[in-house]
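Both complexes shown next keep chain A, but they swap its partner, so chain B is in the first and chain C is in the second.
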Partner chain A sequence: MKQDLNINVHHLTRVEGHGNIVVNMKEGVLEKAQLEIVEAPRYFEAMLKGRSFHEAAIITSRICGICSLGHQMTSLKATEEALGLEISRQTLLLRKLLIHGATIQSNILHAYFLAAPDFLNVGSVFPLVGTHPEVVLRALRMKRLANDMGEILGGRAVHPITPVPGGFTKIPAEADLVEMKRRLLEECLPDVIATVETIKALAGAVPQFERETEYISVRSEEEYGLYDGNICSSDTGIHPVEDYLSVTNEHVVSHSSSKHAKHHRSSYMVGALARFNNSYDKLHPEAQKAAEALGLQPVNTNPYMITIAQVVEVAHCVFDSVAIIDELLAQGLKAEKPNQNPTRFGRGMATTEVPRGILFHDYTYNRRGEIVKANCIIPTGQNLANIDDDMKKLVPEIIAKSKDEITLQLEMLVRAYDPCISCSVHMLDVDFIE
Partner chain B sequence: MSAKPTVGIFDFTGCEGCELNHLNFENELLALIGHIDFVEWREAMDDKAEHYTIAIVEGSISTPDCVQRIHDIRNRCDILIAVGACAVNGGMNAMKNQYPLEVVREEVYGEGKDLFATIPASPVSTYVRVDYEVRSCPMDQGEFLRLLTALLSGKQPQVCDNPVCVECKLNENECVYGKGMICMGPITRGGCNAMCPTHGQYCIGCRGLVSKPNMKGMVEILTNSGLSLEEAQKRINLFNTAERERILL
Partner chain C sequence: MNSGRSIHIFAVGNPYYGDDGVGQAILEILQSAPEMKDVVFYNAQTDALSLIDRFSADGLNIIIDAACMGYDSGAVVRFTPDETQLKIKSDNLSLHGFGLPEAFQMATQIGVMPANLVIIGIEPAVIEMNEPLSEPVRAAIPEAIKLINNEVKLYESAHDFNH
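On to the complex of A and B.
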């Protein structure tokens, strides 16, 4: 069947940042199917040049509000590596707890507020206040708890205050952690169980679409890799973080103010589904049970299932948070000062899993502790080529549907990746000439 | 103001952290939608509207497309509120203005430098009239709610113009300089209840300058604390590049 199709979604809604979906098909031949990134570039290199190590995380946190904690953690790790700053076990545990809070917050925001309206045929979460009040209240309750974790540990959920190179400027009170644990167990766990039920009921509305691709994530042999680990590719195995440039291979494409990435094939996927596929064995047993209930098994190749993988991760983060709090309380909280005495000045590379996928920060410092070279590689930028490849396979498969249906399914595809477009156009990979 | 004003939320160049802070009103969101109708909010909903009683604007103006869009929004709203450092005073985005635009573009995109347009990053008020502002990076949630409550009840909101130091003293914090750190508190506009010093961190200056900052004194404190003149200027410029252009030139 020969067909013409022109789709142009200007400034796609319910995603972070500005992007357009453009599809052109002429006489049955797909000429173009791509996500155009039109977010204004921000030129972070101009902001980091010559900046003190005290400021690096303050600045890179502002690459993205939604991912601010993830940027901050990765930035602090890269700076500590470059300057030879050791951190304590307490700092490590508090950071892991912060990452769990941020992951719960971001995954709940995406699953309930950004993705779920598509499954219920509404344009936003607001109509659901009237039709599904208990679901909206539950989502708000879970998000609040996750943000409270950020506020108690970080001073503020968006652009946290207390995490600095070498430690924390303020340590939470034990009573706050006791209360956090109580809320996780008494409020959040029942909400997680109810969330699995709600999402299970919607699972029939998840589009059926399969495209096998390369999955790249952090992997740790000790735990479900979020805070730290090696680079893991489903195609090529384990790589040390120092090899990140040969994994990501960023390049400029004309339809995107964010650069694209490729490794072993024309594209690869990062994010919740890539993590799930690569590290399923490290998930908390209760999270594995949630995955089973939701019909998610590794290796899953349907990108629409990213949202489902996010819900599984919420279960993991809630259970693991309780375990971390138990360890912190057992060892007792100490009023430590951050270790900010550099033992060397050089290059530091770090990787962390943030909600949208694997993130890299790479800084080189001079002997005054000022940045001379910096590079950040962002999850959404790494996913863009994979989204384009998905669209190229998807459009011919659903071409018999109406234009409105095709448009919706493409919008849902892009939203499933939970793209963070502000992040992806941070524009920061440049040698500063001193 | 009449019942149920319509509200649109708009994002320009920035990190969308301020917008996220609207979605983070978990305890207040349901009460809020009892008093206002969100009619356009790209990050959260599909709907679009023609007119807004209140337009809430986040981010700096940094492309020709941004300029056109902010004029369009101003023409279609009664009240325009700039939220967050990027919108209020240009914030961190304005740091790129210190370098020639050609150089910045070529460094980032190389041969592709002409693909993506950019102009100096500016506060919203450079292009259109701004009726109210909510400062901080990210915008202060309490301050936003106080402003909205004042507008909905027909009261004139209070504008803070004291330095962060005043609030730091009221919190009985030890002076940050006494701890061997530097701090932007003396020239930075308060209203945040000295949030960062209270959490053991120094004030990074995210709320912009008080209306009459003692810049000479500030530079003196910083250089007395061991920073070079150049380092002192850099610290001050972190959030104030665009504002300093306006105040000092």
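On to the complex of A and C.
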């Protein structure tokens, strides 16, 4: 058994942003096992200073090219809460449909393009195009459908333009929703079934590692919590969104330019597996069947199973999208004007599940409807301490392996969380003075 | 993928990242030009991979993007993918990192890379969040539009669009 180990992975591959894995073991004692975040802070809250309530969601949706829809939805909800803007049932359903499209797209791309190459031990998705073209084409088909959902509902596939505070500037045509439902059932559903089979075939390559942690996600008693709900901790239960600061407890650590978060333990996990563990009972029955087929049961404590939970969520989103479309068509689409008449000007806090986990936006508006204070807490920042704690448990368990094998397994661990480091780096809270 | 002799103009980039937004800025000008009424426009923004579904198999494809080419800021260069070595980040690929070179490689591998594809690259000066277009890049926009108009006219005359 080796007594000394030094791993220093600079610029972790297949991860957005700049992060390094650093492990030091000396004479059998683990001195360091951590993900160092070295990317410069981006201070995107500062961008919101003085902006009107019409602009906030547009700006925040640009924070991230992958989670743009989630930022936009959370921003709209925070603004509506701050300004007392009520939305219609139709707006609510259309937003939920948008969230489903974004979740399908992100989860599918992560599973096929980033995680599958790990499970198959190839360097990237490109070798898979040659060896498994039908699988890559399937992933692209599903991505296209999700893109088209964004375009039909949001006016654009990336950075949607029709969702605004209080509603939508343009309502999709009923015929478009009918066609979307047809494609979900006739094109996407067979692809979901095939995806479950593909991932099932790869399940043997998922590393075996267990570490119990606290799981934090949105939870709704009405549905699988994605668009809205309370904060749910697997340790402490339900917390109102307004208590988000006492749940996230962001703090500075020396090895990361992004703050870490902790709640009931030294760390907690957010993302697909946290959602699955906290809201399994709210999954669509067909998604629960997919979970069973994939060998995923709550509470699962293997972080490498995040990818499997993402696939289960894709099944849920497809079936629930069909149900939402049915409700929209049954009630008939109405040409509604967005409700943009504030009834108050104050503070609004909101949470939404984006693919990588629970996201918080918190705005305070002045009487001119301009933002004077903003705070955004991003999923990746919340996962960083949990990744470190995973590494600290994992390294001693796999110390008998070769250094290359240990390094690969650590890289796979970080990639399983699908961190978006660039988005996570915003270490200063900015207080604006009016 | 679209088929038929049509003209497709694409923009790539994030307009909230300084000069990375030059593609969108140019696309918006072109979209309002009367002579471009038959052109299909698509703003891929940060999702270069989505271009795979949008390429015109037999038509003209023009992509406008900020490109680090080693020239002075604001330089406008017309090139085709085979004229240059595009950096593939296949071993360093994130969902965000799936840029044009990766989209081209994927399109080539699955057989949807169009034969007629031109890139209008603009050398950026500032790629920073919340920055506007830099002066040199802003000043380069007319030159980029001129190059795009030339491409469109050449294609139209070669394919006798108006007769």
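In the analysis below, the second predicted complex is superposed on the first by the 429 of 434 C-alpha atoms of A that agree within 3 Å, B and C clash if a C-alpha of one lies under 4 Å from a C-alpha of the other, contacts with A are read in each partner's own complex, and residues count from 1 in each chain.
Please note the rule applied: a residue touches a chain if its C-beta (ideal position, glycine included) is under 8 Å from a C-beta of that chain, and two chains touch if they have at least 3 such contacts.
Remember, predicted model here, so these are calculated numbers, not experimental data.
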Side-by-side fit of chain B and chain C on chain A, or clash: clash
Contacts of A:130 with chain B and chain C, given as first, second, both or neither: second
First (chain B), second (chain C), both or neither touched by A:390: neither
Partner chain(s) touched by A:110 [first = chain B, second = chain C, both, neither]: second
First, second, both or neither for A:362, with chain B first and chain C second: neither
First (chain B), second (chain C), both or neither touched by A:223: neither
Touching partner for A:50 - first (chain B), second (chain C), both, neither: first
Contacts of A:169 with chain B and chain C, given as first, second, both or neither: first
Touching partner for A:257 - first (chain B), second (chain C), both, neither: first
First, second, both or neither for A:155, with chain B first and chain C second: first
Residues of chain A that lie at the interface with chain B and also at the interface with chain C: 11, 13-17, 42, 46-47, 59, 62, 64-66, 68, 109, 113-114, 123-126, 129, 136-137, 140, 143-144, 147, 156-159, 422
Contact footprint of chain B on chain A as seen in their complex: 11, 13-18, 38-43, 45-47, 50-52, 55, 58-59, 62-66, 68, 109, 113-114, 117, 123-126, 129, 136-137, 140-141, 143-144, 147, 155-159, 161-162, 164, 168-170, 252, 254, 257, 422, 427, 429-430
Contact footprint of chain C on chain A as seen in their complex: 11, 13-17, 42, 44, 46-47, 59, 62, 64-66, 68, 106, 109-110, 113-114, 123-126, 129-130, 133, 136-137, 140, 143-144, 147, 156-159, 418, 420, 422
Touching residues (chain side chain B, partner chain A) in the complex: 11-21, 23-24, 26-27, 29-30, 33, 38, 41-47, 62-63, 65-66, 91-93, 95-96, 98-99, 104, 107-112, 115-116, 118, 121, 137-138, 195-196, 199-201, 204, 231, 234, 238
List of chain C residues in touch with chain A within their complex: 14-16, 43-47, 49-50, 52-53, 90-98, 105-106, 109-110, 129-130
